[in-house]
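Presented sequentially are two complexes of chain A, the first with chain B as partner and the second with chain C.
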Partner chain A sequence: MTKTPSSQMNRRAVLALTAGAAGVMAAPWVARAQAKAVKVGMPTILSGRVAQLGTSSRNAAQMEVEKANAAGGLAGRAIELVVRDTKGQPQEAARVARELVNSDGCEILIDAEASTGAFAVHEVARDLGVLCIHSNSETSSLTADPKLKLPNAFRCARQGIHDSVAGGTYAAEIVNAKGLTRWATCSPDYAYGRDTTAEFVMYLKRFAPKVEVVAESWPKIFQPDYTESITKLLQAKPQALYSCLWGGDLTSFIDQAGIYALFAQMQFFAVNMADYTALTTVKNLPPGIHSGNRYIKTFPATPQNAAWGDAYRAKYGEYPTNWAWQNALAVNFLAGAAKKANSADGKKLAEVLRGLTIESPFGADGKVTMRADDQTLVDYAVGWGTTIAKEPYVPEMKSVAWQRIFELEAEWKKDKGFV
Partner chain B sequence: MTRPALRDAALALAGFLVLAILPLITSSSALIDFVIRCAALGLFATSLNLLVGYGGMVSFGHGLFFGMGAYSFGILMQRTGMPIPLAVLLTLCISALVALVVGAICVRLKEIYFAFVTLAFQMLVHSMIIAWVPVTGGDQGLRGGIPRPAFLGINLSDQKQLYLFSAALLVLGLLAMRHIVSSPFGYALRMVRDNATRAGFLGINVYRTRLTAFVLAGAFASLGGVIMSLFVSGAYPEFAFWTMSGEAVFIVMLGGTANFLGPLVGTGILLLLNDFVTRTAEHHGLVLGSVILLFALGLRKGLLDFVMEWLAARRTRDAATPAPVAVKGTST
Partner chain C sequence: MDLNALTDCLSSSSCLVTQATSGFIIGMLLFLVAVGLTLIFGVMKIVNFSHGAFYMIGAYLAMTVFQATQSYALALLGAAVGTCLIGIVIERFFMQRIYGGNVLMQLLVCYALVLILDDLVRIVWGPEFRAMGMPPAFQVPPLFIMGGVVPPFYLFLIAAALLMAGVLGLAIAKTRIGKTIRAAAHNPAMVSVLGINTGLLFTALFALGCLLAGLAGGLAAPVRSLTPGMGFSILIESFIVTVIGGMGSIMGALVGAILIGLIRAFGALGFPLFTEALMYLCMALVLIVKPTGLFGREAA
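After this line comes the complex of A and B, so read on.
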């Protein structure tokens, strides 16, 4: 009996089918073996105007995940970061966060969303009970308001109220030294801009009672032209100007104000200046701008912080942003908590995270703490300094003592009815 | 009840039964979430098609009512804790009232003027949401979750029960809208769309017809907003932003305006594309834009319109071609 080509094909087909069937049968076992990794979901903004910040969040977290995995992962289980774009829309943030948990099997969320998205993800965390670390929202009420408190939600990011206390303290010292009593403000017209400016002015007046605000300008967020604000500010002739404009809005304002020589006529306090995204984008960075630290590798002035900034730059070809260090720290906290709890279980990690202190390049004194009572980050480096036009951009940053921040924050919480 | 109305009611019941059985077949939470979002945006887009497809009024401000629904319902639940059905009814009334005021000004205008004034009203309401911080939470949205007290044994904190509730609202909403477009009022609306002057001469009050359609569309859009606010357990200014209206216009373009279920098909396409592409591609905007271009330039109409026309053309062709006659003794 001769073998026909078709019968050979059939045998091959049978072999292929058998192999395929074996593969299908084995798939659940292979999947189960791989499922040992702890999936950490990260909803963030990877498209649109703030995509650079979301990308830096992903990069920084990934860099720390690689380090953590090299050191044994979370209690022996490797971390797998699953990152999804939310386009900065709260309904997408909610949808993506749910999908990460329900469909992708993520056991932990690092919510690298801006504030509105963060509140949406917070509600998902409430519904699903999953461990969630908010890593970018600076809105103080997210953790300060007891009505929003969840046992499974933490914040690993700077806070508006902390920055305002630090800024008010620093500015008051300059005011008292130089007699700058006439002030103006120019901040974006939305909740962050209005709240942060009000808090800064409140603390400034408290420490320097002679200060009066002679002009206020509220440009719209993402506004392209600041001529109206600039001429208003020049006409009011203040001695100092405060702004919490950020990102592209801040750099556009500085470039346009430079044409009118605004910075030669008044001291400029811009809380969001000392971030590489802003520092490297301004065409002619005027010297002497007062700024709070966002992320800068020279503050805290430690070899660990410089090494972290350089490592990030070497890996991704650009300097990290303020969102970057916060997300790196979120992964560090998870690794620290897993080590202490000897578990990767969300509930056990949450228990250990409350009050956990870890060593960190971003700490004011080399350490940061996840404060137990409101489950939020404290003891991170907070400082203010003045800019120069080239690296290191802010050669000297003055730290603000955390004890002072704690005292004033406690008063603020009492005034707001949060305690 | 007329025969078409009975058929629609039977189809709606069948549709609801299919949706109700779905969670028994699959335990996929993603599918459940998908249907809830489909219900919210499907109602929203179908209500827009009442204006665009049936009324010839291209509104660029329809997101106003979606946002209004989400905020009214959320605020009512957070502040009063009233039973959910009552809050839904009140939300529909509030949205209809707002639509009456906005519509009274807008429906007198034609084409681009109508589109721009509706957009202006939407931006006005969006600015109010941002500015009225004590009530709306400003740009941070309504925080703290929306309370969902159980009613009639239904607990909307349970995702599967929320799914059934959303599916029921979707089916009831679609059935009501179908009934509206099949009624004499629906035909009057089409006549106004095609030739308002002729409709006026025939005794139809053009202004009142357009205004009624605007109010009804606003109310149904707000029902979509209610479902979305329950899904995200909050309400955000983005719901009342112009991009939301743009999304509804996209959906209607994708699904088609000539068929009642076109916007629902469009919702499914857009959400599937969005969910799939954002999972797999970094530059998802490019992919989504290309698909929309394909529909706009390639099909030149929505998918359901294209399919229905293709089927109709095929039926006509088959009817026109004489059936082959078999002749004895011949072979082919």
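After this line comes the complex of A and C, so read on.
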């Protein structure tokens, strides 16, 4: 019997249908992924001096969204990332966040704003009740202060108090070894700069009681010229300087301070130095800057972390930043929560996010946790080390055990009246 | 407020030298931007809100030329001349159409230019911040003058700006074109009636303002991070300078810029949380005592 074209078509159609049905039965999420996508809004800074950080936030989140979607999205619904520029202005961050929910139909917010805008977005989350994950703000009070607590708001970023415990411990060792008792500080004049500096100095003095702060300088965020701060610091003749300037502000400060030979006269502790965005931009990086880890692919020194850094670089042509890993992790947490809740509903996701532990290349021991009581990230890699001018930039990082951080953080919360 | 730190500094030669040079550094960059603003306003009566964008373009051009040639002299030349040429194009196509127009239209056009130029920089050089790095000739230890710390690069910056101030002041005071500019500032219609091509004069003056802003950008590039929108911050302070010095006065721009620089340098010691406000306070005082600015003249 001769096969006719129509019979071949019929057999192909039957085969295709059978394969499709088998696929749906075997993997229900494939069918569900065709359902309406979950829009995840991301207000972040895509222009101005910290645009590189905002861009890396978007890139890292997108990279993880693609992975999550390939694995079935959020309980079968594909994730659609909607990113908007806030220009680093709090009022713009609030407006954009509101618009993402009300006009763009976003069901979840990943607030990839700096602290200046994060508090504004937090109030939008309070008002709209939308699930919001703050992915870049490090100001401790955002989640530590119970007055700010919202059932629908989480922080998936490192935190000033954690860095300060690690930094204070690290700096105190150097203080005690070298007798660096005269300190100065130079940090940006807003919530993150003020809080983080106060927390670092608190632990530094606790671990090295002879330390005295002889000068403080508070330049404005995104200030173009630091000359008056630099000369003020020179007048005070400190032996060591702490700064939590970041991004372009930090690189400008280093360039301007370098020509005053500031770093030859004092040890420099810059918590935000060890991030590729700063390390690769400064043309004349002075040797021996002490820094907290932001993102470097060699800390934690695991194949998973190195692979993630390399994958990002292969995709985007540059190394990730501190903001990058935090936003990647925010997507990972959403995917993990959706899997556990078997839902993409914001309230259900918030329920399971509290206390959720997931495996992660950014964990101190391969895992990170969204702590239940204050809905903030813990167990991520925290360390301090000394920079060199070429890769790996920080050859050795010294970390502090998380149990120790928890103890000191609990005391700090008690002192602040947060518990 | 830390008046002890301020009095200690005023009684110490090393501190005085360091802070005074710091004030001059801040002031000289402001002067180069403010003098263009003040000249353009003085003659064309345009409050040029887009002037900061030319400072930004100068900085980016300097970085690009420096990266290509490793010559800072060429970088400065490229920044000044390149910005001047861009300024000519913008003046011919946009600014000429708003001379004598209502203030709202002028503001809108200038603001639109700021957005367009910022976006063009973003497209050409990318949105992330960039750094040019210090030219090798200036990668040397700072000088110690009377115990005060003075980086050689900043001495060069001050000298270059003062030289420009001197040349500009002499040119305006002594040359034929300078006299024409002064006459145009006073009565442009009369200058036009005398057969002078005021359109060309306006273009030349706008280009000069852009050249100076570009030069300021080139001088700032080694020590400031470059980013789209970087012109805005210097623009605000430049306006304060022009208001203090008097709109249209080169000497006013110089004195106003140095005054603002010194306020910031010494204010950082004595009034660390009030330095920004001190600048505005100074401006308010000048406006109360002499509403036309320190060197400004009453309109004819």
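As a convention for this text, the second predicted complex is superposed on the first by the 382 of 419 C-alpha atoms of A that agree within 3 Å, B and C clash if a C-alpha of one lies under 4 Å from a C-alpha of the other, contacts with A are read in each partner's own complex, and residues count from 1 in each chain.
Note that a residue touches a chain if its C-beta (ideal position, glycine included) is under 8 Å from a C-beta of that chain, and two chains touch if they have at least 3 such contacts.
All values reported here derive from a predicted model rather than from experimental measurement.
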Note to self: Touch test for A:281: chain B only (first), chain C only (second), both, or neither?
What the structure shows: second
Item to check | Which of chain B and chain C A:251 touches, first, second, both or neither | outcome: second
A:223 in the overlay: touching chain B, chain C, both, or neither? Say first, second, both or neither. second
Practice task
Kindly classify A:260 by the partners it touches after superposition: chain B alone (first), chain C alone (second), both, or neither?
Solution key: second
Check: When the two structures are overlaid on chain A, which partner does A:231 contact: first (chain B), second (chain C), both, or neither?
Finding: second
Using the touch definition from the top, say if A:47 reaches chain B (first), chain C (second), both or neither. both
Winner on chain A touched-residue count between chain B and chain C: chain C
Let me test your reading of the model: by the given contact rule, A:403 touches which partner, first (chain B), second (chain C), both or neither?
neither
Shared chain A footprint, chain B vs chain C, residue numbers 46-47
In their shared complex, chain C is touched by residues of chain A numbered 46-52, 55, 216-218, 220, 222-225, 227-232, 234-235, 247-249, 251-252, 255-256, 258-261, 264, 277, 281-284
Residue positions on chain B within touch of chain A in the complex are 28-30, 33, 37, 130, 133, 138-141, 143-145, 157, 159, 228, 231-234, 236-239, 275, 278-279, 282-285
Per the touch rule, the chain A residues reaching chain B in their complex are 46-47, 84-85, 87, 89-91, 94-96, 98-99, 102-103, 115-116, 119-120, 122-124, 126-127, 139, 141, 145, 147-148, 190-192
Per the touch rule above, chain C residues touching chain A in the complex are 5, 9, 15, 18-19, 22, 25-26, 29, 118, 122, 127-134, 138-139, 141-142, 149, 151-154, 220, 222-225, 227-230, 233-234, 264-265, 267-269, 272-273, 275-276
